Amino acid sequence: MTSDQARALIAERFSGAQIDGTYPITATVSTDQWVAFARFASDELRCRFFSFLTAVDWKDLGLEVVVRVDNLDDNIALLMKTRLGPGVSVCPSIMPVYKGANWMERECYDMFGIHFDGHPDLRRILLTDDWVGHPLLKSYAVDTPHPPYR
Amino acid sequence: MSAPTVTPKRVELDYTGSERLTMNMGPQHPSAHGVFRAVLTLEGETVIDVDSVIGYLHRCHEKLSETLTYAQYPSIASKTDYVAAMTSEFAYVRAAEVIGKFEVPKRAQYLRVITAELQRVASHLLWLGTWCMDMGGALGGGATIFLYCIRERELILDLFESLVGARLLYGFFQVGGVRYDIPSGWADSCRQTVDVIDQRISEYERMLENNPFFMARAQGVGVISRELAESVGISGPLLRGSGVAWDLRRADPYSSYEDFEFKVPVETAGDCFARYRVRMVEFRESLKIVRQALDKLPEGPISSRPGLKSVAQTRVPKGEAYVRVEGARGEVGCYLVADGSAKPYRMKWRGASFSNLAILPHIIPGHKVADIVAIMGSVDPVFGEVDR
Amino acid sequence: MLGSELQTVEQVRALRDARRTDGTNVFVIVRAILSAMRMTAMNLFRKPVTVHYPEKPRTYPDRYRGLLALVYEKDTEEEACIGCRLCEMVCPPAVIKVEMLKGEKRNYAKTFTLELYACEFCELCVQVCPTDAIVMMKSFDLATADRRELLLDKDRLHAIGLQHEQSWATGNKLRDMQGPPKMARTEHAAKEETPA
Amino acid sequence: MLELVTPLIAPIVVLHVVIGIVTYVTLLERKFAARMQSRIGPYRVGYHGVLQPIADAVKLMMKEDVVPTAADKPVYNLAPIVFLVPCMFIFATLPFAPGLGVADLNIGVLFFLAVSSMEIVGLFMAGWGSNNKYALLSAMRAVNQVISYDLPFVFSALIPVVLAGSLKLSDIAAAQSGLWFIFYPVIGQLAFIAFIVSTVAAENRAPFDILEAESELVAGFRVEYSGMKFALIQLGEYAHILGASFLGALLFLGAWSGPGPEWLGPIWFLIKAMLVFLLVTWVRWSFVRIRVDQILALSWKALLPATLLLLLATAVVVVWRANAGL
């Protein structure tokens, strides 16, 4: 499979998706289709290599979850994105599809406060359990006071 | 830090009559390569369950990078993976270059290749030493190999010191090129060092190859299947040890890597020994690349942009990119979102060690306590990169 | 643990046992053991690489990035710093604080403080300095039991500059080295030379 | 009069000499290991570090003695002494020259082997009394290992006994006045190798130091010990190693036989023991450690049958030679 074929396949199967570029293919899907799209990427595009999961805080436009996966055999790179919408911080978890999403989603919850629906073990990973706030949100200023260490 | 909640099922007496023991390994433990805590559930000497606790070294690099300009951050980027600082800087600088479509002169590209490969050798030397020390103990043969490796690593650090003036955190890269040109005589001393290290690597192999003590500890321990490897997203020598021929220098060439001849070692067993073999071949291939790059090193400028005069000199146009380089531990990636100012809007650091370490809960159960340190060592995590 | 269903305890054991090589070839084992012991014996007769550090000072390379210092201008013996605050702005950990003192012919630094305990020796301040006033020294010996002693003021920085040997790098040298096209670099150098 | 005084004075003299040698054996090992690792080792205290052991001892004595709150205090406090005493006892039967020693028992070898395996009691007390999970695991490993390796240790030490036809150590030494047992064709060399391997294992030295295993169990059974108690454990351990080295030199290297006048005998003995010690050290600093199950497998599946067969073969050879009148 080449990148162009993969693009065509995505366009065919997910008509609502915005597709951009070839290496990597950037595909933005709606949050409802998120898990289905991940499963499609894994099973049909054979993008089995899970690179990373993160989020971007677009202030008023809300949060955007970004996932990068690769097909190591055919060298196809796919950047999956979904916009959660303003004020929303719930996203379905893709842990059933990619095991690597376990720690990455925990980190994302830690930093952005996104609740991943279906993640079995969603706790803070890098920060302490009693940390207040989610530091990578743009509303969390660098000098936000935090409680002293206990 | 409050303790993570451990589900009671893990510590109760098992109904089969075998008693379970919860043991903390770390955060301060001789074989934790940094500050890592593993909450182990043991049945005798066999590990049933492991819960990893990370984040002791968290410095919030991603938030920090939003407050620092493209000129300032590269020297901080080296603090993520402090054992292979050159490749960390490389990833960040390249991300900015890809978004801004900045040219990099050929000489700078070659210098980047030379330093990145020397850094890989230095990092692998530290890995070999610490891994053997994990398996052999600081009061045994492991310490001997460790000290030999450190002895050779010092030679490379000396080279870096005469190139940039620092031994660990370099600040060698800048957007558009590199900050320092090589001093006179550096190429010759580099060639000599490469030869010495090439010879010394054979000595390590003679100490370890076929050695029954070493083989017994490394073979068949910590087996990672290809499916698991890809799904968790481990990269670098670990992925290649599991039978995937995936090297970013070959698959997605950057910085003139296509000019050089080198092999991508692959092993299929997926155990600690396979990872050891992959890294041992990588040593030689990296040295080969350094030799080729030194021979072909072109003349010319080392940076396409004027030397840094003020803090906000580098502005990157609006855009986003995910750029990855093959670091010593695998895919070091930088997902950069630029908004046209002198500072990034958002930076995601994909540390190779973070993803590599996530494999531990999948492979450790079923092994003995002594195997944990062997597996941990073969994963080669650097906690600056895990916790960022 | 979560997601470990792909490799259960039994599977790991089976894989481990399947891959175990039979260590029965006595000849190979004996040879490997002897070879390992030969390597350690060989190193017994190599010269130790230990450096007797405080007794025999090590030689620093030309570009060593050590203590920071302020220098005087060579011809006029005046302070070279013009208090332009470029170093303050570029410093990633923000350890430099400068206040400018306006003068008639040129400006001076009214105060110049450097928190050496937080400095990360990245040499960016040296790189941006337009007058080569801040430089690095070939030394790092400033150990102290009191952190406040590492808060360097202007006098202290000047004293360090006189005390140790200066490294190669200065702002102009670094920028010249990085200057992109060779032509511009020579022009720049020529322009520098003509007024002098 | 002398017959009365000697038994009182001799142990005191031997004890002090042994402790003196033991402290300097640590320096020897450190220097040797350092050179093997391209280092120089202790260097600052005295000329090339000759006073280092004394400095270490003084330091350890001055250190605070920390007792964990949750420790089983009587067991914890008693353990170093219980560990040290058998390690010192093994020197009781060692003759350092003809007639020079505390007691030359008829069953010297047996006494030596029995007492030297008593150290396990102290080891286990230390591991149990510390109330520390690392120490406990280490103590469990120690029991496993010491019991497994005492058997090959005994069998390999019995081979010279069979060759000499006596359990008395001085008789064994005397039997080697012509031919050292290590030069006995085939049997001698194999027995020596088996002896070295099981010595290394029974003394818990790398590559068999699973009970110390500082990369897994931090410091094993002595993780909670500090100050003088730590020093006692350390002293006991090195005394045990030294004792085993003397035994090796006596059983295989001809004890005090050597060129020169007779009074040089003890010095030759010491030199040979140091050679054995350095050999053990050399092995220690050359290999990585193996896992507990592998160590046990090595003992029960390889070393024990091998030493048994060797003992049998030795007996056959000795009987055959006696019958043939050689």
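Chains here go by letter, A, B, C and D, matching the order in which they are written, and residues are numbered from 1 within each.
Convention: a contact is a pair of C-beta atoms (placed from the backbone, for glycine too) under 8 Å apart; a residue touches a chain by one contact, two chains touch by 3 or more.
Please read all numbers here as calculations on a predicted model, not as lab measurements.
Asker: Could you tell me which pair, A-B or B-C, is linked by more C-beta pairs in contact?
Answerer: B-C
Asker: Chain with the smallest distance from its CA centroid to the overall CA centroid?
Answerer: Taking the mean of all protein C-alpha atoms as reference, the closest chain is B.
Asker: Let me have the rounded angstrom distance from the C-alpha centre of chain B over to the C-alpha centre of chain C, please.
Answerer: Their C-alpha centroids are separated by 21 Å.
Asker: Counting only Cα atoms for the centres, state how far chain A is from chain B in Å.
Answerer: That pair's centroid distance is 24 Å.
Asker: Could you give the separation in Å between the centres of chain C and chain D, each centre being the mean of its C-alpha atoms?
Answerer: 49
Asker: What is the distance, in whole Å, between the centres of chain A and chain C, each centre taken as the mean of its C-alpha atoms?
Answerer: 38
Asker: Of all residues in chain A, which are in touch with two or more distinct other chains?
Answerer: Where chain A meets two or more other chains at a single residue, that happens at 99, 102.
Asker: Could you pull out the residues of chain C that touch at least 2 other chains?
Answerer: 2-3, 6, 33, 36, 39-40, 43, 49
Asker: Among all residues of chain D, which ones touch two or more of the remaining chains?
Answerer: 36-39, 285-287
Asker: Spell out the part of chain B that touches chain C in their complex, as residue ranges.
Answerer: 46, 48-51, 68, 71-73, 75-76, 105, 141, 144, 148, 151, 154, 158, 161-166, 169, 171, 174, 176-177, 179-181, 183, 203, 206-212, 215-216, 219-221, 223, 225, 227-228, 231, 269, 271, 300-311, 361-363, 365-367
Asker: Any idea which chain C residues touch chain D in the complex?
Answerer: My answer: residues 33, 36-37, 39-41, 43-44, 46-50, 52.
Asker: For the complex, which residues does chain D have touching chain C?
Answerer: Its residues touching chain C are 32, 34-40, 43, 282-283, 285-287.
Asker: Note which residues of chain C are touching chain B in the complex, please.
Answerer: Its residues touching chain B are 1-4, 6-13, 15-21, 23, 28-29, 31-33, 35-36, 38-40, 42-43, 49, 61-65, 86, 89-92, 120-124, 127-128, 130, 136, 167, 169, 174-182, 185.
Asker: Taking the touch rule as given, give the residues of chain D at its contact with chain B in the complex, in rising order.
Answerer: For this pair, the touching residues of chain D are 33, 36-39, 133-134, 137, 141, 206-207, 209-210, 212-218, 284-294.
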